[in-house]
Each structure stands twice: as C-alpha cells, then as structure tokens.
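Going in written order, the chains are labelled A, B, C and D, and every chain counts its residues from 1.
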Amino acid sequence: MSVAELQIVDRLKRVREFTDRITRPLSAEDCMIQSMEDASPTRWHLAHTTWFFEEFVLKRDPSYREFNQQFAYLFNSYYNAVGKQFPRPQRGMISRPNLAGIREYRQYVDQELVDRLESPEFLRQHQATVELGLHHEQQHQELILTDIKHALAANPLWPVYAAAPFAPGEPLDDSFMEFCEGQYQIGHDSETFCYDNERPCHTVFLPAYAIARGLVTCRQFIEFIDDRGYERPELWLSLGWNAVQEYGWKAPLYWIQRAGQWMQFTLAGLTEINPDWPVCHVSYFEADAFARWANKRLPTESEWEVACQATGCQGVEGGQFADWLLGDGRAVHPTSACAGFGGAVWQWTSSSYQAYPGYRPPEGAIGEYNGKFMCNQYVLRGGSVATSSSHIRPTYRNFFPAEARWQFSGIRLANGY
Amino acid sequence: MSVAELQIVDRLKRVREFTDRITRPLSAEDCMIQSMEDASPTRWHLAHTTWFFEEFVLKRDPSYREFNQQFAYLFNSYYNAVGKQFPRPQRGMISRPNLAGIREYRQYVDQELVDRLESPEFLRQHQATVELGLHHEQQHQELILTDIKHALAANPLWPVYAAAPFAPGEPLDDSFMEFCEGQYQIGHDSETFCYDNERPCHTVFLPAYAIARGLVTCRQFIEFIDDRGYERPELWLSLGWNAVQEYGWKAPLYWIQRAGQWMQFTLAGLTEINPDWPVCHVSYFEADAFARWANKRLPTESEWEVACQATGCQGVEGGQFADWLLGDGRAVHPTSACAGFGGAVWQWTSSSYQAYPGYRPPEGAIGEYNGKFMCNQYVLRGGSVATSSSHIRPTYRNFFPAEARWQFSGIRLANGY
Amino acid sequence: MSVAELQIVDRLKRVREFTDRITRPLSAEDCMIQSMEDASPTRWHLAHTTWFFEEFVLKRDPSYREFNQQFAYLFNSYYNAVGKQFPRPQRGMISRPNLAGIREYRQYVDQELVDRLESPEFLRQHQATVELGLHHEQQHQELILTDIKHALAANPLWPVYAAAPFAPGEPLDDSFMEFCEGQYQIGHDSETFCYDNERPCHTVFLPAYAIARGLVTCRQFIEFIDDRGYERPELWLSLGWNAVQEYGWKAPLYWIQRAGQWMQFTLAGLTEINPDWPVCHVSYFEADAFARWANKRLPTESEWEVACQATGCQGVEGGQFADWLLGDGRAVHPTSACAGFGGAVWQWTSSSYQAYPGYRPPEGAIGEYNGKFMCNQYVLRGGSVATSSSHIRPTYRNFFPAEARWQFSGIRLANGY
Amino acid sequence: MSVAELQIVDRLKRVREFTDRITRPLSAEDCMIQSMEDASPTRWHLAHTTWFFEEFVLKRDPSYREFNQQFAYLFNSYYNAVGKQFPRPQRGMISRPNLAGIREYRQYVDQELVDRLESPEFLRQHQATVELGLHHEQQHQELILTDIKHALAANPLWPVYAAAPFAPGEPLDDSFMEFCEGQYQIGHDSETFCYDNERPCHTVFLPAYAIARGLVTCRQFIEFIDDRGYERPELWLSLGWNAVQEYGWKAPLYWIQRAGQWMQFTLAGLTEINPDWPVCHVSYFEADAFARWANKRLPTESEWEVACQATGCQGVEGGQFADWLLGDGRAVHPTSACAGFGGAVWQWTSSSYQAYPGYRPPEGAIGEYNGKFMCNQYVLRGGSVATSSSHIRPTYRNFFPAEARWQFSGIRLANGY
C-alpha cells in the first residue's frame, strides 16, 4: 500500500470521526430539529454526507449493494442530475431511519469505501471524488454546528451544546495594512485541492487600499447600536433597511438584553458579552451598515485575498478553528478579534459571488456543487471557529445571502482608494 | 379510603398508563415531529397533559414544588389566563427536556398527585379538575395517534406505527332510521361527567328525518371519485371548491394510487383499500360534497344525537375504539362500516359548533377549554378508532375546521324533511 | 299592457337609475379602485349587475346579440355553471372598457330588456329572473357604497364621497323586549319575493329570551375600549383574539384617534364621533366580545326574526336607508341607535349561516346564488344605511365572515334563557 | 439670459412635454392601474416626477407655496431623508387628486420652476438638481411605458396602448468583436451629466474576450424553447430554476401560444412573433440560461462598455429609441436585432450591481438615488425602445433584480477568455 493510499484512507477516517466527535453531545432529539428552511437537522447532515460518497463513488462500482434505495431520494440535497430530492423544508419531519440507523448507514458506507480504496485502480479512479467528499463533509461539519446553534436557540430554556470554557483572546491590533494600486493575481493555481469556484487564477487590477489587521469587536458594535445604528435608514442598503423593519433586528443574532446588559447565546450557553470578542452573527446588511457608520467600507474579495497572501499566512496562523478549540477543550466561540486573516469569524466582503473569468464547472452532477449558486449571494472569506483548520486556504470562497446571520460571520473593515 | 377515592386514583393510573401504551412503539425521534401547525409532537402531548394536572391541581397546593418553572411556558397550550404560551408552530423545535426527561416529569407529577389524592380534603376540592384532566388526557391520546399518523405519512418510506392485523368488519346495513317531526331533548342532563359544551340539556324542534344506520364506505366513495366528484364545482361549497383547487385534493387524505389501485397509508403501514371499510380522513367539505352527490345530506348534530339515543345505545355498542383494538392486538384503523353510532370514525354533522342556549363556560382558565373555539368549526359526533371507549357518550361534541382531514373523520348520511 | 308588466319595467328603470344615482359623485378614477380582494371597483359592480341580466335573461333569447363576448368572462362573479371567471383579486387592473364604455353597456342591456319585456310571453318566462336581477342589483348598490368607502379610506387625504349633513337621530330606548319559551315560525312563506335562503318557513323552538329595542351606541363602545376591551383575551373568541393581534385592531374600522378625540371616516368625510350614534363597522368578533363584556350575548337569527315580526314592523319602520337618506340630501351614515329592527346598521347574530331545514337551491347556475356560501359565515339581520328600503324584509338573511368590518355592521344585544 | 439658461428651460419644457406625449393615449382609468408591487400607476409617475422638482428645487426657496402639503407623503418614492412615504403596494388605490388634478399640479410646478429659473442666482444654485430631475423624469418615462404594458397585459381583451406600424428592422450581423487582454478605463470622466453610479472612471483588467455585434433574436430563443430549454435544470442558476418552477415560465413574458403559433403582446396589440426581432422581456435567469445553452456567456458590464466605446459609438447609433419611434409614428417595440450597442433592448450583463471603486453617493437625500440599491440586482446596458435617445450614454448603468421581466430586456452574448 502506497503512502498516497494510506493518506486518503487515513484522512477519510479522521474526517468522518470528527463528524462523530462534534455530534457526540447531541441527543437523538437534538438531531431531529430543523429550525428554519435554510438549516437542516443534524441527522440529515450525517446521512447526506454519507450519501455523497455512496452516490458519487460507491454507486460507480457495479459490485456495490446500496444500503437503502430510498436514501438517494431522502438524502440528496440539490443534485438534479442524479434524481429528485425530498423537499428541503420537510427534512425535520423524517424520524426513520432513526439516529442509530443513520450511524449504521455511515459505518456501512465507510467500510465499503475503505475496502475498495485498497484497490489502486479504484483509488486512481475515485481519489479526486473522495477528496471532494472529505471537503464536502468538512463543510457540513460547520453547518452541523451553526444549524444546531440555531436549533437550540429556539428553546427558551437556552440549552447548552457543550459546557466548556471560552478560549483566551488576543488584544486587538487596530492598524491597517496598505496596498498600492496595481495588478494582482487572484485564485488557486497549485495542484493542491481547491473547489472549482477558486479557479482559474487570474489577474485583477486593484486601486490603492488599506485593510484592517483586526476584526470589528463587540465593543465597537455596541457603539454602533448605541448610536442608533439600527434606527437610521441612511446607514443601510435599501434591502437591508427592509430586513431591519421586517425582522425587527436590533442587534446581532443571539444577542438579548437583560437588565441593560447585552447577553449572547453561545454553544456553551447564555453568557455576558465580552466587549473584546469579535462581533459575529451579523448579516451582510449589518456589516455594510456598520462599515458606513464607521466611515469605512467592506473589502472586496480580491483585496482580502491579496492582503491575506501578503502576510505570508496560509489562512490559519493565529486563527481560532473548530478542531483546535475542541482539541483544547474550549467552547466553539470566537474570542479573539486579532485572529489573523483566517479563523474566528467569516468576514463579509463587498463582492457578489460570481464566476471568475474563465470559470468552468466540472462535467456531470458534481458541476452542480458551486456554479449554480452564483446569484444573489455575497462572498465571505477566512473561516470561523466552526471551520476545521485543514479545510481553509487563502483562496477559499464561502458565500451566503445578504440577510444570513446564523453563520459565525463578522466584519473586517477596509478603507481608501 | 372510600370507593370514590380509590376510583379516581385507579382511573388516573389507568389513563396515564394508556398514554404510555400508545406511545410505546415510538422512538425519541418519532416523538419530535411536528408535521404541521395543527399537529403537535408526541412529546409535547406527553408533557402538556402532565402540565394540565400540575397547573390546575398541584399548583393550587402551596406545598407543591414545581418540576421546572419554565414548563408552564413551554407546555401551556392556549390558556391565556394562566400565562403566555410558547408559539405553537415551533413545538417541533424543542429537544430539551429530552423524551426521558419528559417521562420523568410525568412520573413526578403522577406521584405528587397520587400522594395528595389520599387526603379527602384535597380530593374533595380537586376531584372535578382531576376528572377533567383525565378526559383531557384521553383527548390527547387520540391526537397522539392522529398526529403521529400525519407525521409518519410525511416520510416517503411509509414507516409503520405498529404492525398489526386489521380487525374484521361487519357487513353494511344500508337502511335508514326514521324520525317524526317534533320536540326533542338534546344535551347532557345527568350527574356524570361531560364537557361544558354538552350543557345545558335543552329542547329543539326537528322536522321529520331519516338517518343512515351505517357509515359511507370506501366503495361508495370511490364511486364518487370515479364520477368526477372532485372535478365538479356544483357539488361543492364555495370554500370547499377553493380547497380542492388549492390543495389539489383528488381523494381522501392518505390515499394514493399505484398502478390503478387505490392504496391507503394506515398506522399499520401502506395497504390496499378494502371497499367495505368506512371511508375516513375526509374533510367537512368532502363529506358535504359526497352527500350532495348522493342526493342526501349530512345530519344535524341534534338529529344525530336523537337517533343515537333512540337506539338505546350508549354510544359505544358495536363500535371500534382505541382501547378495544389495541387490547385485541389489532391495527388502529376503522374496518367496520356498521359500527353503531359511536366508534370507527367521527361523523361530520352539518352543524356549526355553537353554544347551546344557556351555555356558560366555567369561571377562570378552565373556561377557555371549549367556549372560545365556537367559531368556524363543525361538529363531529360518535368517536373513532383513536378514541377510548370510556371517553365517549351520545352527547359528546367534537369539532374541527371544515378543511381538517387528519382526524379519523367519516360520513353518516341523512335524508328527508 | 297589464299592471304587472308596467310594474316590472318601471321598477327595472327605477332600480337601474338608483345605481346611476349613487355612482354619480364618483370619478372614472374612483370607480377603478379595488382596495382589497373582498371589495370590487365600482365599475365592476356596474358591469356585473348588467351582465347578470344579459347572462340569465337576454342570452336565453336566440335573437339577442351580445354586447361583447368577452364580458361574460370579465364580469361573471362566481357562477361556475356559466363559465370561467376573471380572477377576483385582479378586478382593479381592468381599465378597458372605460367607464363610459360600461355605461354604454348598461344602456344597451337596459334597452334590450325593456324592448323584450313588452312581449307577454317573454315577460312570463323571465319575470322571476328579472325580479331576482333587481334584488341582485340592490345588493350591489350596497356594496358599491361600502366598497367605495373602503377604497376612499385608503387615501390619506380622506376624500369625501359626497358632502352632506348627517340625519338627526332618535334618543336611545335601552329597554329589552321579552319573549316566552315556545315554538315559533321562521322564514318566508308568502308569494312575495324572497331569496332561496329565506325558505322554507319552518318551526323552531326558542327558550325564553329578551332582546334590546335599541342598538349599541358609540358611547357604549367607547366604554368597552376604555375598559381595555381590545386587550383582554378572556372577552374574545380564540379566532377573534388572533384577529385583534394580527390586524392590530384597537377600535372599529374607520375610527382614528386625534389628540385624544375619536374621529371617524364617513362617506361625508372625517368627522368627530357622536356618542349617540350606533356603533358600526365592527366584526362579528368585536360584536361578540362587546356582548360578553356587557354580560349579554348576541341574539340568534331566529330570536331576531321573531322579535322583528312581533313589532308588526315590516323591517323598515323607523329605519335609516340609502334611498331615504339620499332622497333627503343626507349623508349615508347611521345616526339613530333606535332605528327599529331594520335599517341604520346590519346586526350580527350569533347564528352561523346554514341552510334552513328542507332548503333546496334552485336548479342551474342561479342555484349558486346563495347555497354554496353556507360555510364559515355569520348571519346579519336588519339592513343598513346603505340598503334600499324596498330591498329589505324581516326574513332577510345577510351573511359575512366573522372578521368582516367594511359593511355597516353593528350590534343589537340579547339576554336571558 | 445666457445660452445655458435658455438650454435648461428649453429642455425642461421638452422633457416634460414628452411625458405628456407618451401618456396621451391613456385614459384616466388606464392611468390608475398598478398591476404589481414593482410597477406604478401612470398617474403616480406623473405626480412623482413633479414632486421631485418641488421637493428638491422649489421647496429650497422660502417664497415657494406648496401645491398640496400632503403630496410630499403621497408622491415621495423612497427618500427617507425627506420624510415618510405612502406604502408602495397601495399606489393603485389613490384616485384623488384625479388625473386632471395631477396635470394641474404638473403645470403649477412647471410654471413655478420656469419663473425662478430666470434668476441667474437660482439657476446657478439649482441647475444640477434640475438637470438630475430631467434625467429622473426620462427614467420614469420609460417606466410609464413598461408599467402600462404590464398593466394592459392583465386585461384579457388585450387592449392596445397605441396602434402603429412596427419599424423595419436590420438584418442580423452574427459576428463577434474581439478584444485583447489588458487594462481598460471604465466609467464616466467628462463634465457632461451622468449619474453618481457611473463614477469614478477607473481601471479594470480584462482577459481576452469576444462580444456579439447583434442581439439574440426570437428565432434563436424559439430554438432554445424547442430544445426544452425551460425544462432542463442543468441550464439554469438554482434561483432561476426555482423561478421557472414557481412562476411556470415557459417563454418570455408576454408570449402566448395560439394554435401552435407564438404570439406576443406589444404596446400595439397582440401580434405574431417575427423571428428576426430581438427577443425581449426575458429575466437575467433566462438570459443566463440561454447563454449557457448556446455555449456562450453574458458579457460583464466592463466588457460591454469597452466594446461600446470601441465602436466609437455614443450608445445610440443604429438604435431604436422611444423618441425616434414615436416621432416616426412607429410602435414602441424592438424590431432590429442589429441595433448597435444602444437601443432596441436593454442587455443583461453578468455583473452584479456594485459600487465602482471610490464611489461616493452625494450628500443628503439625493444620495439615496442610486447607492442604496446596490444589492441583489444585475446591471443592464444599452437602453431600449422605451428609452429616450438623449437619456443614454455608453457608461449608463441600469439595474434590475434577476427575475425582472417587464422591462424591454434582451440578450447580447459574449465568449472566450
């Protein structure tokens, strides 16, 4: 068995085990909740990531016997090319298979995969897809954490995902890095793994700009609130102002006020807000309004990437990531506003999520992974406390609609031109 | 200890145990599902029925220590007089306490109740409310069965609540009973338990009428479908026709067509429709349209009650009820169209649910039990396979909105004037 | 030409002219507005009432040449038996034919009708339908007034339908009439015109009761408001309380508060509320809540009819009606709380709108006039300031959903049993 | 009086008169219709454009007497800085002032403006805002045409805005222009008028690309339809596919099929589709799906602008514009697929509508003109048959949400990298 073979099987096991690790604090009941259409029950994530390997790897092998033929319908998310999908808003209404049955499904698929990956021929043919499946699973690990946070927050008892101390933070560095006008290279150009949307590497022209070294803190955001930031339409995009009115936003998601004190629901329970922590769970609209209030702006994704690369940083130095925090027995919550360009919170950029020049999605169903979502979404960069450190890189493009708040999304400011 | 005391404690235990009995086939996951706003998760029913005893009996005793103070908010259904309620559409998003915790809550409250009921003073003061709580629990037993059926039906795997053989049916008696014009007494007038909405007993004047001895069968309903019953607006109430269009109704709820054969989802799984069984899971609109198609009409609730009393029947003879079917190891599904006036299926009457002349709701929060729902609902009579035989009586008034289909609701025809 | 012939042609002209009379103050623009799905533009009423005669009378005559073939689609309201209907919520989007074109259509149909009614054979065959068409037009005259009031009220300039002084009112007689328990006859039994829903005349049994001689006044309703009537759930039906929350009701429709003074939008403009006037523009829910607050109840429609008949009143004595008010140059607004059983405001009864025993709708499309709406509506009795005095009678049954407020609907209380 | 003064007054008169010109075929009733929330009644456009001059010019002069103080509320569109706005979805419910009253308002404001513009001091101070007001009015002229088309299309009688012959078209040039990779200048940099969103002029880096000289024709689009373009999810963005399902799109807006022949509703009535005409009334989603089907793509707005400038074209040569067509007595409908870069139809670009680097909205309420809409919209370039030729320029950025179809929006393809 070659080193490459060992590697992928080993990583398969580690990534799959980490999924088990983050779902361990959750009961069968917790794993059932779908608290909104955009979120999914934990059990669905467990099954869907498994289905991904089954559909795109195992079912390519005629010798494979499907675990349950109806799972292809139940656990396909949005791949039209491989069949119809069970309606997304009803994922919370499926109780069978039960959680034990889903774990059995995971083990079955893992075993079938591991067995086949011993074959060099099979490995050669499917390694890229297995690799994709691992990154796919890591994305869902993040969603498991953000979705369960949203689910638990619906409960007035403020249930705790896992009681753990918060990590210590770094003092804020409030200086800005400066960049000259000129041509820069953006996007992924090495042989290492990346998603299709990070390619091709291409040239952009940037005007001179400055970008903050640190993240916006809760202290700064409370100043914005206290300055009536949520009540002044002139600070907001029109759709953002509509959202403020319609949803009654008065603070970031999960913030509540008790006796004049701002409190925050975290995966470790309800806690006082520490003003030094980076603000998170804000929408693009709030990030944009905050930046306007601060006489700054959000960076474009090109500016962000150039700055990140300029630090020589691989996107993880100084960051706070899910695997590190859990490994240290810490709460999954951002506590350092100076966490490097990667980690702690995703950072909204002002860039609409669009194809890079020359972008081509892969052939077949896998082509539906990214490209078809390039409309009415905004790019976030950097990774968060719910991201694995092995999942992120400086060219990584995350994307969510402008009103999304349930991700660990925060703010890095830019300036100049 | 007097017989009366023994009785209530004994009945408390039996009723509460029957709730355990019907939830035994369900997993923690099953008990989480809320498949529509009108239905509730099993676990919520388990907690709410317990809260009813806690709120209206135990909390009247200053020595009682509440199990969890926030349960009053989580598990109050609609009693404004005792406090705010957790929003109904979100009942399916509460995973904590988990199922074991809710069973513990049940045991705690049962024990506290049983202990106190030993005191004659306490018994005297609270017997009526405990009695009401038992009937309340029996109502929720029925809802547990109808709600879980609706929940499981959302799953394309057609999961089975409990595999069991169907009960044998009786041949249909398609004759009609006839009654003369005149004054009749309606409503409850004995000392035995009844809900407030069954009182007072009062006089009504009825024209001559006839009422069917048997229920409408699936065979008859298939004739209606085959005669394009769902496509002819002239058969329908205007709101009914809207419902047909909006929801795409083409058959009763839970009916699907496979290769030209009508199939039906039951608590014992997907099965072929037996034409001799009574039709069920029809709305008031479908019952009314069927009756018009058959050149008949639905009975008024007065006509129904007079006929039921005339048979000398206490509302249960010949019927199919939850306790009997489960006791016999049978599937909870109606299989006898000639089941007497009570049991098998609830029967839609043409009567809007209104107060009887002289009706007065009880003082206090318990007054919210029935009266405030007397608007835009229709009365059903008779009980169903999901009802306990000890819960029903000839004066019993059930009520649902005209479009409701998830109860075991069927059709008894009337005629004449 | 017989007297009967003269009569119908003469009445046709008078009724049709009265429609012109009430639309005269309205501009082409006013006649376009559809302010909600339940209301229609004035121009639509003008065309629809004309279409009724065309469809059900003229088109029965092969010699008749249709004015415009597409009007059958545009101006059919809900008669499925004669064809499809243009979607109701979009009636406000039709500008062609313009208002002049619609008036031309009215004249064309009038002339064709009048010409044909000279033929005794035609008259004999169609007299009943023409009669129905006239009553139908009178109903729409009322809707023209209530719909345009709702339409104009959407305009923050508070535009005036017609400036005119309010009629003087009568002092309130706050006594109650009493009736003994017993059998009474209800419904229409003479040869004179009535709608199908008023038949057959039949026997009902009523317990002893009392019914108010006068209507509830604004003074009384302000007391209810001041006693926090809109804030106390225990006073409301459950659906009513939902409506209070959802729509933010704090007073009857068209009431606003300015500097502590209650004002009311009327067809004669915005005016201070006169406490002696009868309250109007309340829903069934508000009428019911007010009655509960007052320790009274709403009468059933049988009680109302028995009382009205007992006064020897034909339903109009002492009333305020559209033709009388307009004839006197008065504003169309109720100003007398002691207006007899008929007139001033429609009075909500506690009776759900159901078929009388033995009710049969007529054959054919005309059968859709009333019967299919017998679901989730409540009966109102008496007529209002927007009703013609020649349109009303003691057996007349009007009906609206429980939340409807834009009719001139008020409250008469009952008591006892 | 200087030439500059004469110019602005003269242009004011001409632009305002052109608004009268295009509304002349419309009745008072036509001018009332609001067929969807995104569209406004003609009468509202007439008043709002007038209010713009009143609010931002005349009211700055203390000597000015407002025409009607409530118009500021009724006819403000979305300028929060100058006050609250009447709810947009209810614009179709305002009948007073009537159309004549609105025309009077226009004349009053015109006169007040013209009088004051004689003062060099006033002119100096307000010339820029008057200029903006004229361009603003031209934008609304286009909306009057597109909104009334949508309004009339709701009428099953297919009413005609103005019967007129279609303009002759040019043969399609299906070749592509090619551009080399490199830096280009984008945006407005001269002293002539432009909107704030066209500034500042800035450098972009473009890869090599090709862009079509002609527009996509109806013939090509029918091929797409016939190739099941609306049934194949792989051709669509995910949100686009949702829109196809939700709205049942099967062809461009205003296309219907009669006896196998594609017909199209135009401002000159229902007509057969001429396959040589450019396709229009397609959404961004349809433009994007068509391009994918054709193995091409949509151009970015930078590519479009570079190509337009490269032709030496000022954005109007060879185009079809509202003033030209109406001046020639032609129908307002695109009939030439080779109409230059400007005119005929707006062309969807793949560019999300974002701020140019260094963009700053003006101070005050006027700053709400463009900037706050930079979210979830896509840029269209070129102008259409509903645009005035004097309104357009190569740097002009129009923008609409991806699902908008009621503008004259079509497709220009790009290729390469």
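Some observations on this one:
Throughout what follows, a contact is a pair of C-beta atoms (placed from the backbone, for glycine too) under 8 Å apart; a residue touches a chain by one contact, two chains touch by 3 or more.
Because the structure is a prediction, the values reported are computed rather than measured.
The set of chains in contact with chain A as well as chain D is empty.
Ranked by distance of CA centroids from chain A, the top chain is C.
The centroid of the Cα atoms in chain B and the matching centroid in chain C are 38 Å apart.
Chain centres here are Cα averages; for chain A and chain C they lie 59 Å apart.
Centre-to-centre, using mean CA coordinates, chain A is 46 Å away from chain B.
For chain C, the set of residues that touch two or more other chains is empty. If each chain is drawn as a node and touching chains are joined, the picture is one closed loop, every chain linked to exactly two others. The full set of touching chain pairs reads A-B, A-D, B-C, C-D.
Put simply, chain C touches chain B in their complex at residues 78, 80-81, 183, 202-207, 233-234, 236-241, 284-285, 350-352, 354-355, 357-358, 367-368, 372-376, 402, 417. Of all residues in chain A, those touching chain B in their complex are 27-35, 43, 70, 73-74, 86, 90, 92-96, 98-99, 151-152, 154-157, 159.
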